[in-house]
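Letters A, B and C mark the chains in the order given here, with residues in each chain numbered from 1 onward.
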Amino acid sequence: MSKEDRNFKNKDLDEKELEKNSKDKRDELSVEEQRELTLQRQQELAAQERADVVISPAKLVWQNFKSRKITVIGMGLFAFVLFFVFIVPFFQSSPEVNSDLRYLAPSWEFWMGNDAVGRDVFARVTIGGRISLYVGAMATLISTIIGIIIGSISGFYSGIVDNILQRFTEVVRSFPFLPLIITLSAALGTDVSEDMRIFIVMLILGLIGWTGLARLLRGQILSIREQEYILAARAVGIKDFNIITKHIIPNVVSIIIVSATLSFASNILVESGLSFLGFGVQEPGASWGLLLRQGTSNSSVIQNQPWLWFFPGLFILLTVLSVNFIGDGLRDAIDPKNNAR
Amino acid sequence: MKKILVFVLSLTLVLSLAACRRQDGGTLVVGTTEFSGEFIFFGGSSSYDVAIRDLLNGAGTIATTPEGQFIPNPTTLANADTLFDQVTEHSNGDKTYRFELNDDLEWSDGEEITASDYLFGLMQGSAYSMAEAGHASLSAGIDLIGFQDVRDGVTTDFAGFNLIDEYTFELTIDGANLPYFYELAMVSIAPQPEHVYTNDGEYEWLTAAEHEALGTNDTHIGEYIRSFMSAPPVSSGAYVFETYEEAQFVRLERNENYAGDYRGHTPSIDRIVVRVVPSATDIEHLLNGEIDILTGLVEGNKIERALADPNIHGDWFPRVGFGGMFFATDFGPMADYRVRQALAFLVDREQFVDVFLEGYGSLVNGPMGLGQWMYVESDRIPDELISYTVDKDRANELLDDAGWAYDEDGNAWDGDGYRYNDAGEELQLNWLGTESEYSDLLAPIITPNFTEAGINFTARQAGFDILLDHYYYAYEMEEDEREYHMFNLATSYTALYDPYYSYHSDWLGTTYNANQFEDSIENPAAPLEDGERTVDELTVLMRELEASQTDLFLEYWEELQLRLNKLLPTLPLYSNQYYHFVNNRVRIDGDTSIDGIGLTGFWNWQQAVVDMEIVED
Amino acid sequence: MLKYIVKRLIHLIPVILIISVVLFGLLKLMPGSPERFMVQCPEGQNPEACEAARQDYRDRYRLDEPLVVQYLFWAGNLLQGDLGDSGYFNRPVTEVVGSYIVNSIYLNVVTIVFSFLIAIPIGIVSAIKRYSLFDNFWQVFSLLGISMPSFFFGILLIYLFSMQLGWFPLSGMTDPRTVHPSKDIFYWVDVLHHMILPATVLIIQSLAGTIRYVRSAMIDVISQDYIRTARSKGLSEKVVIYSHAFRNALIPVVTLIAFSIPALFSGATIIETIFSWPGIGRILVQSLQRRDYSLVLAMNMFYAVLALMSNLLMDLGYAIVDPRVKLN
């Protein structure tokens, strides 16, 4: 529950905004809001029928998205990071321990200097980047999938099932995250290989992080399900399947995408934080968080060899920033207020 | 907006002024890593509180000199000079020592320190009531007669303690524990304030039966004593406890009633503040002048910065101990001493000392500390020891001799791939280190050489508790549960150096002989050469000497080191230079020409404080 | 309303139960036996005596009994307010953590106060001047704030302001040399001086999310019909904003402040570790590293309950604040 190292709090706030924007706080909506929404959707439907073409909300979103400078910068930055982490290493050899080259400052030969055992920091940062991104992406994938499943089931079926799932969500949400991951990390101890360990970290991050998306989805699906236009569409005779694919899913997909993007950024930060404390990725592996940990082991190192912590930290910042830019842009793009104006 | 800016600026101004708060002269500030709040002898294992406990407790019967010798304490005992003449040897082997206290010893509150306080101190370290209160390891007077009965709560009358009068008492050692080279340590006890801890007689020691009869809401003496754990009310040492701010500092005031250490020296510094400073930034605090003393520095980058600073002086002493690779000598390929020797020839220990200690340490070739008196006085050690520098040919020879001479298909091993023995088993070794920089550095250094020599080697790290299980308690595991052949550990010796527990086969299957090492007459770890004796024999010979037979002790120690150097239950990698640094304003005897404060492996700042003076305010 | 609260509280019980069981089980999973770690056996001591001491430890903490019994014993004590003894400190948990929590609270209070003080005006102005340079700048700033890893930021600040410039202390809560006989003004100035760097990190992180939230709340309010009505009535923009919009926008903001109150008790683990701030976050990590089970378990339960309460408050808050929202 601690503020800054869960990094979910900020995500929580974002999600609250999403929730508000989707006009859902509770299971029922007030009459005014329903009316306004219905009006909007009816206008859309009318426009669609006039044009005789299905304007996918996706296209609308994409146009909005492209137009914002921030998101373009974000995409560019992220592309750079990806390039750095995946393409550049092809021209690099893996970092070797060399006790003659310890603690060297950055030079033309070693762009980011060398670490405590003489390894090339540049190479370590690229390797670390791959692992950090990998863990973040996988964790996001896991949490998104779980969130979708639980959210949709909760949304479609009310009653006992919904109730149980709600309580379950609450349990997971209230879990003190940091002690959990540290404990699990310690409990596994040495009996696992480094790869296994990374996998477990990613699994745990995924298993903890789905609650926000589940709640969002549930609310969204609930509200959509009861919409007059849905009932109207049904009454008119449009098939359930079409309703689901043309109306429910597009709305839901955008939320999922935004949530997943923000989640990705958050997971990268959390993994770095964990590794920084020593509970995530460990030697002989590498991750940006671990590199930061090694670069800040005592004050003399911080002061005399700043390249050891500066570069990994910078890369974490750049990556997370770019992903957040993208996520923000996405979110604004699908914001109906933007569309309506 | 402007208002906010002004506010922020003025705030910054005020805060920077705060730093110029009046400093206290006559105050010594010492840095420590942390406290666990145990300032009376209550049986915890935290070493961080030792300094505080040492400062609050004096008047012991036996003192330890800076060289690590045990001597009767003349400040406590009126009969210190004649102590050995007054020893009574009984026919059953028991020995009785007679102690006559000086009559001018006082607690900090003015009460006299009498013989019954020593009995109380003995009980506080052995009584059943203390176990009931959570005192984890009770061993005071463990070698005296009657200890076990008191420990088990059978009686509250300690048979080995005989109270003769207000200033006289006797201690009787159980003959079963004699002869013992460190006999004097067996009668080393210190007083505890009976008048305070019994609340003037309100509380008493209880037997186990009496404890049973207690109600759950009754406080017993053990719990009463425990309530003083973080705030001892009286002191018999150089300083008196004043206050403890959790996780921040402990403040002590000079004890006016202190009789002095074993030389009679009393402190001149009025006040001591022991401050928690994180080890990551401790050097900064020293260089900033925020703390005066920092001890136990081993990191090269910190040491160099301190040496270069003109406002700091310091010195070093060789560690009484070493760090190295501890082998599980009963497990798999490790059982053969030749394999162990081969590994020793493959580890580039010089590189490790260079990289890891950055030159501030030395190589040791046996389980010894460069600060031990035996090492200092010996002519044979270390010259006659095998020095295990990197020698890949020798290593390969040894591995061949030990039977690991084949490759996967049963042909002679040719240098590629891993080695196998004639039973088709692969030479696979696993190493477990603690989560520390040491392990980070060591693993990449040793892996290439090992692999090149045909060893399938994996290095892993874990927390200390896992290390505990796999190393110290390995004997409890099933064969297929065991995983690790070697461990990255360190050990430090005290003034009471007794290798019997670590290497004698009597202790197989316990946590003491954690290497599970055996070199006995029935089962020598390597064939004995002419005149060579087994480790079993030597360790027993060493301990069963009289305290005066130091020459013989040295001889046995040398033989032991030669044998251990051959058998290598442990491969020592390094012995540190322990640096301490002190602010220029703190000097021994006020003498600015002396660097450092005279610390040794047995004499820490809390012992040296009585000689320290603050030379300028 | 009351019915709802009671219902939610009742629902909390199984949740707390499950969490406690899981936490308990988790810690039991930890490898290594605590008595081996906590009770050291010095050489020279009869190993039987040592094993007896270890057995004592096991008996005291009931480590040999079946897990269910251990759990019930622990839970029973918990309900009576006995959080057990810390294995490392050898003292009751409540005694140990008291001062640590207080230290964390100091840091948290300063953080919350300043972050709201700064975020509210900025958020409101951002909403009013939407898409202006001001707004865009703070949007980017916010994004930067939530993207910046706290440990990196902390180290940067230490490097710049402590090591290079020497303006602020490196670590700790008070100056090691200064002896404060009591908690007077000098003491608090000293603490504040030490607090500036860690609080800066926390404040900026907190600012990011808060600014966006306030901005969003304000935008919501501004786009309401009644604001349009007020404008069309001819009221000056100032009046419209400050008397109508502002007050209504404050409502969700106040609820956000209320939500932050439970967070006052938790410690910012990473920041406290970097700056060696003697707070509860740091002691928690240290205890985990030291395998001090009882302390970790007790604190985890405390935080879980805190989190649940905070969730409940949040939901209640929404209900109270927005009369349009109906509850189950």
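Following the convention adopted for this analysis, a contact is a pair of C-beta atoms (placed from the backbone, for glycine too) under 8 Å apart; a residue touches a chain by one contact, two chains touch by 3 or more.
Since the model is a prediction, treat every value here as computed from it, not as a measurement.
Student: So what shape is it, when you link every pair of chains that touch: line, ring, star, complete or other?
Tutor: Its topology is that of a complete graph.
Student: Which chain is in the middle, if each chain's centre is the mean of its C-alpha atoms?
Tutor: Of all chains shown, the one whose C-alpha centroid lies nearest the global centroid is C.
Student: So the centre of each chain is just the mean of its C-alpha atoms; given that, what is the distance between subunit A and subunit B in Å?
Tutor: 49
Student: Distance from the CA centroid of subunit A to that of subunit C, rounded to the nearest Å?
Tutor: Chain centres of subunit A and subunit C, defined by C-alpha means, are spaced 22 Å apart.
Student: Could you give the separation in Å between the centres of subunit B and subunit C, each centre being the mean of its C-alpha atoms?
Tutor: That gives a centre separation of 39 Å.
Student: Show the residues in subunit A shared as contacts by 2 or more other chains, in ascending order.
Tutor: Answer for subunit A, listing residues that touch two or more other chains: 186, 189, 278, 296, 299.
Student: Show the residues in subunit C shared as contacts by 2 or more other chains, in ascending order.
Tutor: Touching at least two other chains: 30-31, 163, 170, 289, 291.
Student: Quick check: what residues of subunit B touch more than one other chain, meaning two or more?
Tutor: Within subunit B, the residues that touch at least two other chains are 280-281, 284, 463, 466.
Student: Considering only the defined contacts, which subunit A positions touch subunit B in the complex?
Tutor: Where subunit A meets subunit B, its residues are 97, 99, 102, 116-117, 186, 189-191, 278, 282-284, 294, 296-301, 304.
Student: Within their complex, state which residues of subunit C touch subunit B.
Tutor: 30-34, 36-47, 49-50, 53, 56-57, 60, 85, 88-91, 96, 98-100, 163, 167, 170-179, 186, 189-190, 192-193, 196, 276, 278, 283, 289, 291
Student: Residue numbers of subunit B touching subunit C in their complex, please.
Tutor: 11, 14-19, 21, 23-24, 27, 29, 31, 36-38, 42, 44-46, 131, 134, 136-139, 142, 151, 229-230, 245-249, 251, 271, 273, 275-278, 280-281, 284-285, 289-291, 463-466, 468-469, 472-473, 496, 498, 501-502, 507, 510-512
Student: Which residues of subunit B touch subunit A in their complex?
Tutor: 279-281, 283-284, 299, 301-302, 305, 351, 354-355, 432, 435, 437, 439-441, 443-445, 459-463, 466, 483
Student: Note which residues of subunit C are touching subunit A in the complex, please.
Tutor: Going through subunit C, the ones touching subunit A are 11, 14-15, 18-19, 22-23, 26-27, 29-31, 108, 111, 139-140, 143-144, 146-152, 155-156, 158-159, 163, 170, 201-202, 205-206, 208-210, 212-213, 216, 219-220, 223, 262-263, 266-271, 273-274, 281, 284-285, 288-289, 291, 296, 299-300, 303-304, 306-308, 310-311, 318, 322, 324-328.
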